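Written out below as structure tokens is the structure these notes cover.
In order of appearance the chains are A, B, C, D, E and F, and numbering begins at 1 in each one.
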Amino acid sequence: MSEQWLPSLVTPTPQEGFDLAVKLSRMAVKLTQPSAEVREALRGGYAHDASDLIAVSHVVATHFQTIAAANGYWRTDRG
Amino acid sequence: MSEQWLPSLVTPTPQEGFDLAVKLSRMAVKLTQPSAEVREALRGGYAHDASDLIAVSHVVATHFQTIAAANGYWRTDRG
Amino acid sequence: MSEQWLPSLVTPTPQEGFDLAVKLSRMAVKLTQPSAEVREALRGGYAHDASDLIAVSHVVATHFQTIAAANGYWRTDRG
Amino acid sequence: MSEQWLPSLVTPTPQEGFDLAVKLSRMAVKLTQPSAEVREALRGGYAHDASDLIAVSHVVATHFQTIAAANGYWRTDRG
Amino acid sequence: MSEQWLPSLVTPTPQEGFDLAVKLSRMAVKLTQPSAEVREALRGGYAHDASDLIAVSHVVATHFQTIAAANGYWRTDRG
Amino acid sequence: MSEQWLPSLVTPTPQEGFDLAVKLSRMAVKLTQPSAEVREALRGGYAHDASDLIAVSHVVATHFQTIAAANGYWRTDRG
């Protein structure tokens, strides 16, 4: 995991910030379960489990808080 | 998912901010389970499960924190 | 749900802010499960389930963070 | 519940702030399950359930964040 | 519980702040289940339950946010 | 656990901040279950349990919030 995958929290738009939040939520799983094969097998399960999907959504929400703050909530877009 | 669905976190009123929080909580699920058919099937289940509904409410609360901060808590509405 | 139910996050006192937090936690459930009948049936269950009640309390706590910040923590009440 | 139970988030010390956080976590439960009898019965259960106790602790932590911020983290105590 | 156990949120180092976060997460449990005997019995269980341990870790993380903010993130240590 | 393992929350890059968040989420588990043998046994389980992995990811997200704030969101990297 020595490759660079998170150079910055700054994104041009809120939507790209949201995509980054999704990415961060997956990276923590990847660092805990490094096997792509196992993760793929689990994914088949939790993508069909409502409770798990809601829990994923919560993790994304937490990361999105961080990223939104890092970007000053993209307020300059109002201009 | 290349269409633009989140141009800004700024909303005119707290209530529209709340609606956006609901939307964000659903988008994370959509990005994890892209099949609308599967999501609709799951929805029938969790909409009748108290624990799941409470969990959804928690995700919305987390996104609403972010959106409320982005809007300066709509304090200028006091005028 | 086009009626106006959240005109402002500002409340005169911390206690009314807490009541608003309770209201917000319920509104997210309402937007996910619009049937009042189903919600009432579920309520009979989770109001007797300790884990669910604690989870509700967590959602309220999250909304109360937002509302307290919106009100500057009602610090002017110290006067 | 019209009595006044939350006049302020300001407390003289961090410890009293922590006690207030515990109180807030219980009030949300009280507002959802108003029967003291039912709550007392549930308490006998969750006070012996590790997962429930940890969940209670999480709610307290969330409220303590709010209260600590409201008190400027009691930093003037350093004097 | 009238003894003083939380005089301040300020700690000399991040690590001591982390230890304090662990202490706070335990105090909320103690205030809910005052019997040391019961707590010790439960501890034997949850210390061997992965989900419970992760939940404990989450509570600690929430308290650490508060304590880190209270200490200005110990940034002066950079000197 | 008297050795020094958390000298600072400051990291040169967001990615190293993320790694630190993973470390903090594990340290709380370590402080609750000090036996490396037990932890290793549990790890075999939760690394194959989707719900546990998502919960770990949530803890990491919470710590990453703290670390990102401590680093001013690494905004100077934009330069």
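Couple of notes before you dig in:
Here is the rule we use: a residue touches a chain if its C-beta (ideal position, glycine included) is under 8 Å from a C-beta of that chain, and two chains touch if they have at least 3 such contacts.
Quick caveat: nothing in here was measured; it's all calculated off a predicted structure.
Between chain D and chain E, two chains of identical sequence, the interface residue sets overlap only in part, with shared numbers making up under half of the total. Note: the chain lying farthest from chain D is A, by mean C-alpha position. Taking each chain's centre as the mean of its CA atoms, F is the chain most distant from chain C.
Separation between the centroids of chain B and chain D, computed from CA atoms only, is 27 Å. Separating the CA-averaged centres of chain C and chain D is a span of 15 Å. Centres computed as Cα averages put chain A at a distance of 31 Å from chain D. The residues of chain C that reach two or more other chains are 49, 51, 55-56, 58, 62, 65, 69, listed in rising order. In terms of inter-chain touching, the protein chains here make up one closed cycle, each touching precisely two others.
Around the ring, proceeding from chain E in the sense that reaches chain F first, the chains are ordered E, F, A, B, C, D.
Contact residues of chain D toward chain E in the complex are 13-15, 18-19, 21-22, 47-51, 53-58, 60-62, 64-65, 68-69, 73-75, 77-78. The part of chain F that touches chain E in the complex is made up of residues 4-10, 24-29, 31-33, 38, 42-43, 45-46, 49, 51-52, 55-56, 58-59, 62-63, 65-66, 69-70.
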